[in-house]
Amino acid sequence: MLKVRDLNIYYGQKLAVAGVSMDIPPRQVTAMIGPSGCGKSTFLKSLNRIGELDSPMRIKGLVEFLGQDIYASRVNLQRLRIQVGMVFQKPNPFPMSIYENIVYGPRLNGTRGSDQLDQIVEKALKQAVLWDEVKHKLKESALGLSGGQQQRLCIARCLAVTPKVLLMDEPCSALDPISTLKVEELIRDLQQELTIVIVTHNLQQAARVAQQTAFFSVDLSQGVAGPGQLIEFGPTRQLFESPKDERTRDYVMGRFG
Amino acid sequence: MAQGVAPLPQQVLGTGRSLRRRVDQAFIVVTGLFALLIVAVLLTIAAQLAYQAWPAVQAFGLSFLTSATWDVIDSKFGVLAIAYGTLVSSLLALLLAVPVSIGVALALTEDFLPAVVRTPLAFLVELLAAVPSVVYGLWGVNVLVPLLFPLMEWLNLKFGWIPLFSTPPQGPGMLPAAVVLSIMILPTIAAISRDVLSVLPTEFRSASMALGGTRWETIFRVLLPAGASGILGGVMLGLGRALGETMAVTMVIGNAPQISPSLLDPAQTIASLLATQFGEASEPLHVGALMYAALVLFGLTLLVNMIAELLVRTIQLERT
Amino acid sequence: MHPVDPQGAETDGSKILVEPLSWDRTLFNQFMTVLAFVFLALALLPLLALLFEVLRLGLPNLSLESFTALPAPPPLEGDPPEPNGFGNAIQGTLIMVGLASLISIPAGVLAAIYLSEFAKGSQIAAWSRFATNILSGVPSIVMGVFAYAVIVLSTKTFSAFAGSVALSVLMLPIVVRATEGALNLVPDSLRQGAVALGATKVQTTFLVVVATALPGIVTGVLLAVARAAGETAPLVFTALYTDLWSEGLFSPTASLSVLIFNFYNDPDPNRIQLLWTAALILVGLVLFTSILSRLAIRSPSTQRR
């Protein structure tokens, strides 16, 4: 689904992520784990080019989506981001009604007609397992929802534009345990139709939801933090139970065992 | 407090402390009185205006507000035409200034430009607010009015059938006044809009972009609605400034107390009326009528500024 | 190794990504960017045009004489040119702004000390702060009317004193807001440190808090002074104007801003020359103060970080 080859990401002159190559398989959940500052979030944000918004960023290497180089000059960023959606660390619903939040994307892309939009809202909210909780208050402000509901609303908002890939940047780090479980359940449901890439601090979470796991780390031996690197990538079970790399083992044992 | 801990005689310590405490308390009271002084000044202004306006209030009552005659020779005073000029010139100025100000605020908050260019440009916009009003008036009379005159003639020639442009221009008038006013209130609205936009969570922006929104779709569908009440507060502050703006308006509006649908006609505002007539007013009723007019202006700006204050305050509450 | 991508086979990915947006979305986006910059240019144009005009007409006649001489009377045919200047206006502006500062700066700073140091969240502070905000929105001409009512009507003469009172009311809220803002930036740890050392509130306030906040306070005060120096409306019918030197606090007094207003319609070219030079001085003064305060605000805050 996504193919990455020798990807280097620079912020200004600073090399933030170095030499990442991986293939992200379709209709599976791929988790990215690793210590803070290891570049896993930066890497994630390069997959739909949303990182460019925060600060000027350059890349070297190749990122392909369905065989198409997403950094090619002819690529339309809006089209790319519809295909490769994103859920952020902090739930970020727009300060509008629940309904308006969901139809935001479809409207941008020219969907008009209230029947059609109503259908999209219902479908997306059902997919995000939020429909029963909010169906009677679609016109109320999304900011009135609980944190967990807001995050599921954000997921529904992405689903409304029918992406092929969903990038999730620590989607549960701001949520309580029950909300987290609900989101994890949702992730497992969604993988039947979607390719999901999730960055998480929580190793149990990776173990629970992901078929593939990538371990990122950063070389601290020189005294200063070097660029983030992909250490190991493979089936989750293998990575957790019989890691090939010593650094992976240390991390997984230290945090997991 | 910690009495008896020190080996000092308690008496000495006690008096020293109580003196110091008394000085401290006196200091707090004194500063508190100065804080109350501000409230007192505001109330005194209102009371003085009302007191001095009393002869005119007695003579004209509320018909002062509904009469459009301002006749110094016959001592017949009504503020309607002048209030009309005040409101129309200010609203027209808002009409011109609001889109430009918001455009400026966006151009200076969104990352169109590198910070190295953006900061000095923002400073230049702020400088617009520092130029004295009388200098704007001078520039208006000598540069802007001659510049606008051909445009006004053309409007009258081509669109004279529209009441707005139905009279031949004389130079000074409602339109040039509104243009000068819009330049003067622009930095106020732009500065507040910029503040409001820059404190909006960046998550709104990234969420919209991640859903395939372009930059301007994000601005129009998310950022401006989210910042609307704050921007409106800035607009109200701008309106308050426009209503009370005196010198520049006095110099370019033509000072004719009349209600004319044409924007090319001269008009008058309360502020310009006060500036031109107070110096030579000697009849008690004339002075009273001017005071009454000042009271109307005071009330009007008070109302507008209170609304602005409330709007800005709700944003501060939302933020915390 | 390139594993086979099952979805790649069913969808042609290349088309999805490079297909441009609908023409109306593209056009809207580009049009708005252009429009925003047109607006920015439109906003800056008056400032540049105004500065150009003031420099063009004001600079050629700027000389030492401008500051020392009185405005020349209308020239009679064949007379030698008389010295032409606005010394009286400089004198009047200095007197009135000076006196207004003497009234408003101590009052404003003390009030701000109360608001920031002693009464956070109290009812008095809330009222006072509200009054400050409202007062700063009261049109300057109303300050003039107020001074006219209180001073001119009771002393029966236009005077520099009345002008000063109007200006001081105008400056008061600016000083209070700037000072309170600067005091609020002083970290609480400094206050607690001073109190722990046994300092009284008076000592803590002046030796620690005000001293630390001084650059910010000075900046705010400078801005208030510059603003007062440029104001016309509060002076037009309080201090009035005279072509002569001021005869004291209780007599009509000239000022740079009122001179500009009184001369702008004058047929005498000497006076027109004079008012442009006066405008240059005024604009120069406010711009200089604004730039100065900009630099003053920037340096301490960057140091603090």
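In order of appearance the chains are A, B and C, and numbering begins at 1 in each one.
One rule holds for everything that comes next: a contact is a pair of C-beta atoms (placed from the backbone, for glycine too) under 8 Å apart; a residue touches a chain by one contact, two chains touch by 3 or more.
Since we're looking at a predicted model, the values are computed, not measured.
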item	value
Graph class of chain-chain contacts, one of line, ring, star, complete, other	complete
Highest C-beta pair count, chain pair	B-C
Centre-to-centre distance between chain C and chain A (centres being mean Cα positions), rounded to whole Å	50
Centroid distance [mean C-alpha coordinates] between chain C and chain B, Å	14
Shared interface positions of chain A, touching two or more other chains	78-79, 108
Contacts with 2+ other chains: residues of chain C	21, 25
Touching two or more other chains - residue numbers and ranges from chain B	214, 217
Chain C to chain A touching residues, read off their complex	2-3, 5-8, 11-14, 16-22, 25
Contact set on chain A toward chain C in their complex	1, 3, 23, 25-26, 65-68, 70, 72, 74-76, 78-80, 83, 108, 110, 164
Residue ranges of chain B touching chain C (in the complex, touch as defined)	20-21, 23-24, 27-28, 30-32, 34-39, 41-42, 44-45, 48-49, 51-52, 99-101, 103-104, 106-108, 112, 121, 123-128, 130-139, 141-143, 183, 186, 190, 214-217, 219, 237, 240-241, 243-247, 250-251, 271, 274-275, 278-279, 287, 290-291, 294, 297-298, 301-302, 304-306, 308-309
Residue ranges of chain B touching chain A (in the complex, touch as defined)	201-214, 217, 221-222, 225-226
Chain B-facing residues of chain A, complex	48, 50, 53-54, 78-79, 81-82, 85-86, 88, 90, 92-96, 104-105, 108-109, 154, 157-158, 161
